[in-house]
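Take this structure, written in structure tokens, and hold onto it; I'll ask about it next.
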Amino acid sequence: MKVGLLTGGGDCPGLNAVIRGVVKVIDNAGGKSIGLLEGWRGAITGNHIELTPKFTDPIIDKGGTILGSSRTNPFKNPTEIDQIVETFGNLGLDALVAIGGDDTLGVASKLYSEKGLPVIGCPKTIDNDLSATDQTFGFDTCINIVMEAIDRLRTTAESHRRILVVEVMGRHAGWIACYSAIASGADYFMVPEREVNIKEMIDVLQKRRDEGKNYGIVVVSEGAKLNTDGGFVTKDQEVDEFGHVKLGGIGDHVAKVIENRMGIETRSVTLGHLQRGGTPSAFDRVLGTRLGVHAGHLALKKDFGKMVAMRGTQIVAVELKDAVDQMRELEDSFFDEAAEFLK
Amino acid sequence: MKVGLLTGGGDCPGLNAVIRGVVKVIDNAGGKSIGLLEGWRGAITGNHIELTPKFTDPIIDKGGTILGSSRTNPFKNPTEIDQIVETFGNLGLDALVAIGGDDTLGVASKLYSEKGLPVIGCPKTIDNDLSATDQTFGFDTCINIVMEAIDRLRTTAESHRRILVVEVMGRHAGWIACYSAIASGADYFMVPEREVNIKEMIDVLQKRRDEGKNYGIVVVSEGAKLNTDGGFVTKDQEVDEFGHVKLGGIGDHVAKVIENRMGIETRSVTLGHLQRGGTPSAFDRVLGTRLGVHAGHLALKKDFGKMVAMRGTQIVAVELKDAVDQMRELEDSFFDEAAEFLK
Amino acid sequence: MKVGLLTGGGDCPGLNAVIRGVVKVIDNAGGKSIGLLEGWRGAITGNHIELTPKFTDPIIDKGGTILGSSRTNPFKNPTEIDQIVETFGNLGLDALVAIGGDDTLGVASKLYSEKGLPVIGCPKTIDNDLSATDQTFGFDTCINIVMEAIDRLRTTAESHRRILVVEVMGRHAGWIACYSAIASGADYFMVPEREVNIKEMIDVLQKRRDEGKNYGIVVVSEGAKLNTDGGFVTKDQEVDEFGHVKLGGIGDHVAKVIENRMGIETRSVTLGHLQRGGTPSAFDRVLGTRLGVHAGHLALKKDFGKMVAMRGTQIVAVELKDAVDQMRELEDSFFDEAAEFLK
Amino acid sequence: MKVGLLTGGGDCPGLNAVIRGVVKVIDNAGGKSIGLLEGWRGAITGNHIELTPKFTDPIIDKGGTILGSSRTNPFKNPTEIDQIVETFGNLGLDALVAIGGDDTLGVASKLYSEKGLPVIGCPKTIDNDLSATDQTFGFDTCINIVMEAIDRLRTTAESHRRILVVEVMGRHAGWIACYSAIASGADYFMVPEREVNIKEMIDVLQKRRDEGKNYGIVVVSEGAKLNTDGGFVTKDQEVDEFGHVKLGGIGDHVAKVIENRMGIETRSVTLGHLQRGGTPSAFDRVLGTRLGVHAGHLALKKDFGKMVAMRGTQIVAVELKDAVDQMRELEDSFFDEAAEFLK
């Protein structure tokens, strides 16, 4: 049994734990593992390294991916699909574990269904917005980083009696904003799933001020949308065809709105790539390892076209084709619990 | 609506998040909250402080409990039960949220069923060994602390070519040992649920050595049991009636066994109270908050005799009487996944 | 003896340690301390709180300043100077400890020399660029934050084979950039004290690439200046009268230059307020405490017009008037040591 | 120019920064570096690895030493000295940089003065107790670890109204205890340099209790000595010829004394190896790097028999023979400043 692995899309803490898990299981069963480099690009070119437990044992605490990554999508160029098929033959691969988000898994699913390649998927999205699994690795590390950053920023906000707007990841789903807002005791948060009521936000911030709290924290998903009625659209803030303020710099925009309406010094901070970097949390190391172990077991059982997923406290296998393209929005129950703190 | 809160038993990161959640929900509904001090002792004496959102808002990032704790059990002294009933009357309490482990919740359950007091429970055990809930707050912080400690200790072990035995909490269940061993890439771990095969451990450590890894990490639950056959019982190591080495200093003992069998310098470290201290992780802050919000909702609905619990991704209410005294051992599926790394 | 304290200018980890040190010393001697709120504004209005050791004991681990801060400069308005003199009388102050940077200490110095007020100064600049003291508190916390951020960002840069430009504080001096570049093993750094040779930077980055290192880290002071000859001035990059690229977004600019010249994906990150927030490092807590203790001793000895400062391993008192307006640039010896890594 | 490096004695965060600094400087000058493995043992056997900047570049953030360490002292066996001389010849070494504490540097000094070998020393002691240098690397990381541990332990002490005794490193000098006590706001600390007045400690703890602080923190150097008059010597506590309680378990002993005298639950924690592990602080990475760079420069200048040292903000070279065997005790000025908090 010879198993290939690759990682695609944006990097995420826990990727190396998955790799380590697969490699260990395959080695225990007497098989061999190789790593294709830089996502599907490695599957096209055949560029790879050998993976042994001795090599992957110490990577459990490393962020990112030792295999490198790219956003290469071979289905944009039919020749590249043929090259991937050739790579399987050239390298003698009995299975491929593809670890990635929607794009990477979409390619994996089509290679299985259209080309019959022995592919297994492992989900990865730092935004936690994949419906087929209860939680994705990297998300837990991310919310801890955001929380620690806000713990730091709070003392400056408090010393200078400011309001601070923190823009976090989440283009389509508000999991990161909602979780980190609860965890950091923020005064307000905004998510893509709900249209933001600017008046409500100002009222909450003013209420806190009136109660004697002389600073404020607002957490905003990068994908949050402001309504033009409630919002405060500046000249340089573009509005799309639906009247929503366009993506990009939403944190800066919200800060301007607050400062303008309340007359209180307000600053915005964009955490950016800090949110996806560094050593994984214990949860993400454990989740990544468990997914890798199960992916390895699927390979040994030749149970292809599946994706490993977390359901409750268990790791299960789901159909790869069902797992792709199904976004998981922030659940109403979460939002409602969190909304108790927006009063 | 006037709601009392108390925290009992060993402290745990996330207790303050629960308190903050209850207080906010009750305040949003126009009610009042008070904190009874030092566990059931405060319910007996009536010693308390007022809790407002302004006071509890900033405690989300604090470890321990602002209410203090104790191991007082009023059912050992009938007079104290009467005093608790009186306290309810004196303070005009409409509900009591008791946050604690088996002991605290056992008292809560009996006060509800035997005395008809309006009690709601919230589970707390850093060992994660309560069957009525999928995960308890504090556990996530704990395994991160253990993992970070092992990340630190590893460099010393490696520099001096040593084997290091790390004794962690877990008197009856191996969740902490198993999770932290996976997360830190340990070479072996021991849990109370399985009798330890000393020979297997030595074989694994020797195999790693033979492969060129010149140090080793072993994680041991404080409640792990060594077999006298496989084990190496020193003169000062007592054996109980079942032939198991008695609790206490199991880490030191295992280190001696390894050093004696392998002839390699071996040290043991007991992490002790470090494991339950400090600022909670994001997960524990969110879980604590959600449990607190739900406990507050139960109080508002006068739905007593219940305990809040986590099931999958949701918070639910279970019968308090069913929740007590049911230990949750390390699941076989977890152990088996982890066991891939004990080879 | 009644002593007032105030904190002015940007907040800095360690301010609360200074406050705690002064308050403890004054209390030990039987005196009283009060805190004037929000910098010189509090000295003008008399707005203050009482400070006791019981109150200030637990603030050692808190970032920012419990007294609040502002950039109020009373010498811009003579009436305010009179109000400050009145405040001394109204509150019965025997001494004032002013903790702040050049602006705050400049006011303190003039209040002493021109108005004869009993003032003692304590230096604060996160940039470490004050000539009268070997090191300022806050700087050590800052370089640890930058280092940890780069440790995080490195895994993403490595996974995606990118070059990463990190813009750090330092408008006039390169201490933060130089120290954090050494501490994080960066490939290049730029400071305000030296004109940047773009060609040299590109050569170093290319040399690393050729040696097989597939990512790069560049640290840039916000005040670094690019030469127009060596640099790559885009249309929207303004040049000042000396031909230097103007301040603001220097990190973004450098990233564009690198991407343009090398054809390698390059991103920039600006750490911003994260650099001055959060719990102080051990060094800054100890330095802040020692400075506070000495400032308290000066007050008890009525030794006014002085500033406490660090020289070697000792805390000494220097003339306040000599301490102001003397910038401490990055020493050549530091730069030369660090420059070994720019090859 | 071919330079050998070795690291001896207990590991310390920052050792790898020194190694990296030497290797880079030698490489910049066109020379070669090799690492002798496991302290003087490697110099005896010739067991070594090649060191290139590409190999040592990424080790800046790693604790411990990539060269391994041992406590081997070749002067106990004349044959081994001859073997070291042979190793210099066999490997063609033009210089040796020995990084270690008193023992390692004592050997280095004798190899230079008695055998004429081209040796340069670099000081290493986590206890910060070497007189020839203002501060040693590793110490800063250590006090941050102790401080963070106490920050964690404090919440448990507070929740349970306990007194907590924390035993830290420092067999002969109290730098670690004094610094970490100040940094963590401890109520009392004990160092080897001063005989402990138990009555004074109890008085301070009682005073805090009377003022309403319901917990306490005491930091104790492992080498602190209790007087039998003031102390409370239990049966199993041995007293030496001077009437001092013998070393070992001093923390446990102090906890027993406090609990016995005050009737308050008191626990002790020994931080042990945690104090010397893990990624170095920014200060230690910078100090280690600077020492390494200077050691490299000495080698290039063939300036042997010297040790690099920190004096004020500068790195200087001192005579190796003068640097050894001179302990640096906790300075009185430090103790007196800290003593303000023991009231």
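Residue numbering begins at 1 within each chain, and the chains themselves are lettered A, B, C and D in the order written.
Following the convention adopted for this analysis, a contact is a pair of C-beta atoms (placed from the backbone, for glycine too) under 8 Å apart; a residue touches a chain by one contact, two chains touch by 3 or more.
Listed by chain with UniProt protein names: A, B, C, D = Pyrophosphate--fructose 6-phosphate 1-phosphotransferase.
Here the structure is a predicted model, which means the values were calculated and not measured.
**Student:** Where the centres are mean C-alpha positions, what is the separation of subunit A from subunit C, in Å?
**Tutor:** Spacing between the chain centres: roughly 35 Å.
**Student:** Which integer distance in Å separates the CA centroid of subunit C from that of subunit D?
**Tutor:** The answer is 29 Å.
**Student:** Can you check how far apart subunit B and subunit C are, centre to centre, with Cα atoms defining each centre and the answer in Å?
**Tutor:** 42
**Student:** If I count partner chains per residue in subunit B, which residues reach a count of at least 2?
**Tutor:** Answer for subunit B, listing residues that touch two or more other chains: 151.
**Student:** Between the chains shown, work out who touches whom and classify the graph as line, ring, star, complete or other.
**Tutor:** ring
**Student:** Pull out all the chain pairs that touch, please.
**Tutor:** Contact pairs between chains: A-B, A-C, B-D, C-D.
**Student:** Residue numbers of subunit A touching subunit C in their complex, please.
**Tutor:** Residues in contact with subunit C: 7, 11, 13, 15, 38, 62-65, 68-70, 145, 148-149, 151-156, 158-161, 164, 214, 267, 269, 272-274, 276-278.
**Student:** Over in the complex, which subunit B residues touch subunit A? Could you list them?
**Tutor:** 20-21, 24-25, 28, 54, 57-58, 60-61, 134-135, 140, 143-144, 146-147, 151, 179-180, 182-185, 211-213, 279, 281-283, 285-286, 289-290, 293-294, 296, 311-315, 331, 333, 337, 340-341, 343
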